[in-house]
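As structure tokens, the structure follows; a few thoughts come after it.
Letters A, B, C and D mark the chains in the order given here, with residues in each chain numbered from 1 onward.
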Amino acid sequence: MKEDEKLSPWKHKIHEIIYEADTPMGKLFDIILFIIIIFSVILIMLESVKAIDAEYHEVLFVLEWIVTIFFTVEYIARIISIKKPSHYIFSFYGIIDFLSTIPLYISYIFAGSQVLLAVRAFRLLRVFRILKLARFLGEASQLKRALKASRAKITVFLFAVLIASVMMGTLMYLVEGDEAGFTSIPTSIYWTIVTLTTVGYGDIAPITPQGQAIATIIMLLGYGIIAVPTGMVTAEFSKQSKDSSSLKTSGSYVHINTQCCPTCSKEGHRDDAKHCYNCGSILNE
Amino acid sequence: MKEDEKLSPWKHKIHEIIYEADTPMGKLFDIILFIIIIFSVILIMLESVKAIDAEYHEVLFVLEWIVTIFFTVEYIARIISIKKPSHYIFSFYGIIDFLSTIPLYISYIFAGSQVLLAVRAFRLLRVFRILKLARFLGEASQLKRALKASRAKITVFLFAVLIASVMMGTLMYLVEGDEAGFTSIPTSIYWTIVTLTTVGYGDIAPITPQGQAIATIIMLLGYGIIAVPTGMVTAEFSKQSKDSSSLKTSGSYVHINTQCCPTCSKEGHRDDAKHCYNCGSILNE
Amino acid sequence: MKEDEKLSPWKHKIHEIIYEADTPMGKLFDIILFIIIIFSVILIMLESVKAIDAEYHEVLFVLEWIVTIFFTVEYIARIISIKKPSHYIFSFYGIIDFLSTIPLYISYIFAGSQVLLAVRAFRLLRVFRILKLARFLGEASQLKRALKASRAKITVFLFAVLIASVMMGTLMYLVEGDEAGFTSIPTSIYWTIVTLTTVGYGDIAPITPQGQAIATIIMLLGYGIIAVPTGMVTAEFSKQSKDSSSLKTSGSYVHINTQCCPTCSKEGHRDDAKHCYNCGSILNE
Amino acid sequence: MKEDEKLSPWKHKIHEIIYEADTPMGKLFDIILFIIIIFSVILIMLESVKAIDAEYHEVLFVLEWIVTIFFTVEYIARIISIKKPSHYIFSFYGIIDFLSTIPLYISYIFAGSQVLLAVRAFRLLRVFRILKLARFLGEASQLKRALKASRAKITVFLFAVLIASVMMGTLMYLVEGDEAGFTSIPTSIYWTIVTLTTVGYGDIAPITPQGQAIATIIMLLGYGIIAVPTGMVTAEFSKQSKDSSSLKTSGSYVHINTQCCPTCSKEGHRDDAKHCYNCGSILNE
């Protein structure tokens, strides 16, 4: 029960705004933040288009600095409004937030460090925090559970697919020559997966009759194999929808709010929770 | 109960023919209209083929005018045979009907306005009115309900796919150079979706080993991800077919006719309905 | 009960061998016939390969005549061993058998008539007669029933896909120019279906950003749409496997033999049947 | 009960290590072996990349000899530690192990025999032995049972797909000329399967309107056909997950260990088994 001392009122206020989404201010902050994240991602996209960058380089540069400063302020606010900053700093989101903010600063030291800006695309994952506001949470968790329940099956399946790819790829390398594009076994395996998943770019394609015959087998195999993950996930979904209809007090419908523990940053507390279910420290009312 | 005054007899007759499909005349009109719509769409297709347009330009032009005049007459008839014309004019179908009729007239004022003719493709949606005649209605509504019930799941899923595409696309832009076709992040994201959905045009394809390795992961991901929407829709269908077999008085089998309220244009009235379920005005017997 | 007079003994014998597959001779005949059909199809394939045809033209020509003579004998035997030859001659199989036999004869009159030989591929459908021998019949009929039950849904679905293709194809024609390959609306619709079904040849591919954006939407649509037929067929299969387990006397497990009525050629008689279920004439014991 | 004489203690020890995975030593051996197999496969891959082979030929050659010697020792150990060596030598794994070991030796006699090294990819199948250690066994066997139960349906389905491919391929050969790539019927059938499975390389693509129309039908067919295997496997999975929940003592959860009969090499003995379920000889405790 150590560390139960409350944060100072204004830090508490900031915590509530930044980390939670139950108050109107918190909701507003989350939505504004997400819009700025989308805006920053679009900025990076535009910069990558040569024609646009050539013409609007100045404007993009200024906008980039504005976004960076906003992210800097947000990052500092996140650190000071939490009891254990290290919990945030070394969390998945903490590292992404840091890598999204820093590139412009260090670009004066290391040329080319702007490449790191691409990390910002990961900040888009915050959309799931906003979605959490709605009933999407239940759906997402059902999705997650379905995938989790099929995990072992999926592993066996992926192993089988990979081994089949290695074997078929090696075979195709022996059968087809260099002129068809099968220049090495790794390339050949890449082609096998391109075919097995029915993507079929066509940059590499068999030209000998034997090669085309094997390719046909791989395609039919891939066509049949796709049934397996579909079947697994579907069976899981069907089971869950049955379970949830027979047992109405399913976990996915417990009322959860978006509060976030000020000590350990865990989320997913029940609406009536008084203590964090992870570290036991008192939650702000 | 205002506006309950009946339309004049001949307007009533036109209304019955144009908007409904229960009388032999109404059925005949719907089928003739649909044939003319298909004919008008084929006309536009043929005009777009240079070789055909060069040879038969005169014939196509005359046929185009005939179709336009028919559509004009139909459009006017629709307006005068309804109590509240604004309901039709600003409805989805009303706007499409208008845009399908007008291009030829304004092509004398604005050159190139014939491009609007393409809107006619949307008139093909009227086929669903004809299908409504048969038992297809129940099936279509089952389809719609299955999609509606899975809506929240589909949204979460689409967000996940889009964010994954942005992240993977950005990564591929950094890994692959310009010569492989990954000239900008938007192009790269486009390629990622082409790969994730297993379309795989091959106009852009990774050439470096690292790029091919990431592409392999994207493909396997796409291969697995396709299981999710399938699983969701299937589970929904299975549930519905179970529900409908245990509960035979399912909504989709209530007898509905193709009558259309002369006041508000709502459709889907019960066969024995006397009042419009939407605005309450009396339906023509 | 007219036409109940039996066939002469040796015609009866031929009928039993050719049309049925319950006697050892009948089974043998069916298997030999199928092998010759496969052989004849392979012959046509080899003839179409220029390199092989150039070298072995003589051999292939002789083999072709041998197959044709065998098919001629079989065709005549089929006609004389049935009470009502017209039933066979104008049946689906009768026409295919005729078209598979005639080309070589008329090739002396009309040059190029050998193209008709390709019809022989349809004779491969006879494999389903051989499969009928085994328990595959039940499975195939389950497949057929599942498809039949989903027929209305599949029709609605196909209409929706086709209309969406016409609309999207027209849109792409307007957005993309000639240089990307969208030379006419029909070509554009073809491309849309190539994309929607995730085939993606890449011979035509959008090059403008707007075109790529619309293509992305079409792909995601296609990715989602594939869930619908899968969901429908799966739900149907699940229902059937449930029905068949609760109701063991399912129709698909009634003992059926391969006897074929000597009068009207209908198949699918019960093993203990004495009269044809279609025309009522007496079946050979 | 002949051949029940125990192996000599040290041979018994080797048998336990090599063939079983219940003792710490056995587990360790299996994992080390699998790592070396993966390593040997990577070696072959690297050798196939021209640039790498040119630079590191010496190193790769030495590593190849080390792997070959390890495999030789393992192969000999497997033979001497089993009571009936012929059971191992002529088993699937025995032949693969032999073919994986021999190429380097005979490369001094027959040039080019190193091609056989590719057989090593098959040794990767041993991963399923390691997976057997965990609960993956149950999942894999469920997968296998689902496929087995759908076997008859899959056969009918594959026949239908192949016959449709032959017919459609022949048709396309007649409709499209040589310039589109449809140079012979076999090539045309290859293209049909490429299209039907939605792989779509694009190396061959129809260019005439008629060809594109037929291609459209093939694509929609393929799009619909994919629903069939998915539906079958899914229905099977759903049934199994239902069966296993109503009947908790399902066979897939019987405790099985990785012991392997020293006489006949059969695996999958119950944990408490005293006699081999296949040949009846006594199992090492």
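We take it that a residue touches a chain if its C-beta (ideal position, glycine included) is under 8 Å from a C-beta of that chain, and two chains touch if they have at least 3 such contacts.
Source: prediction; values computed, not measured.
Looking at which positions face the partner, chain A and chain D present mostly different ones, since fewer than half of the interface numbers are shared. When the contact pairs of A-B are matched by residue number against B-C, A-C or B-D, over half are shared only with B-C. Averaged C-alpha coordinates give centres for chain B and chain D that are 47 Å from one another.
Between the Cα centres of chain C and chain D there is a gap of 33 Å. In chain B, the residues touching two or more other chains are 186, 198-202, 226, 230, 232, 234, 236, 238. For chain D in complex with chain A, the residues that touch the partner chain are 41, 44-45, 48-50, 115, 118, 121-122, 124-125, 127-128, 131, 135-136, 139-140, 142-143, 146, 154, 158, 161, 186-187, 190, 193-194, 197-203, 226, 229-230, 232-234, 236-238, 240-241. On the side of chain D, the complex with chain B involves touching residues 198-202, 230, 234, 238. Across the complex, chain A is touched by residues 152-153, 155-157, 159, 163, 166-167, 170-171, 173-174, 183-186, 189, 195, 198-202, 205, 209, 212-213, 215-216, 219-220, 222-224, 226-228, 230-232, 234-236, 238-239 of chain B.
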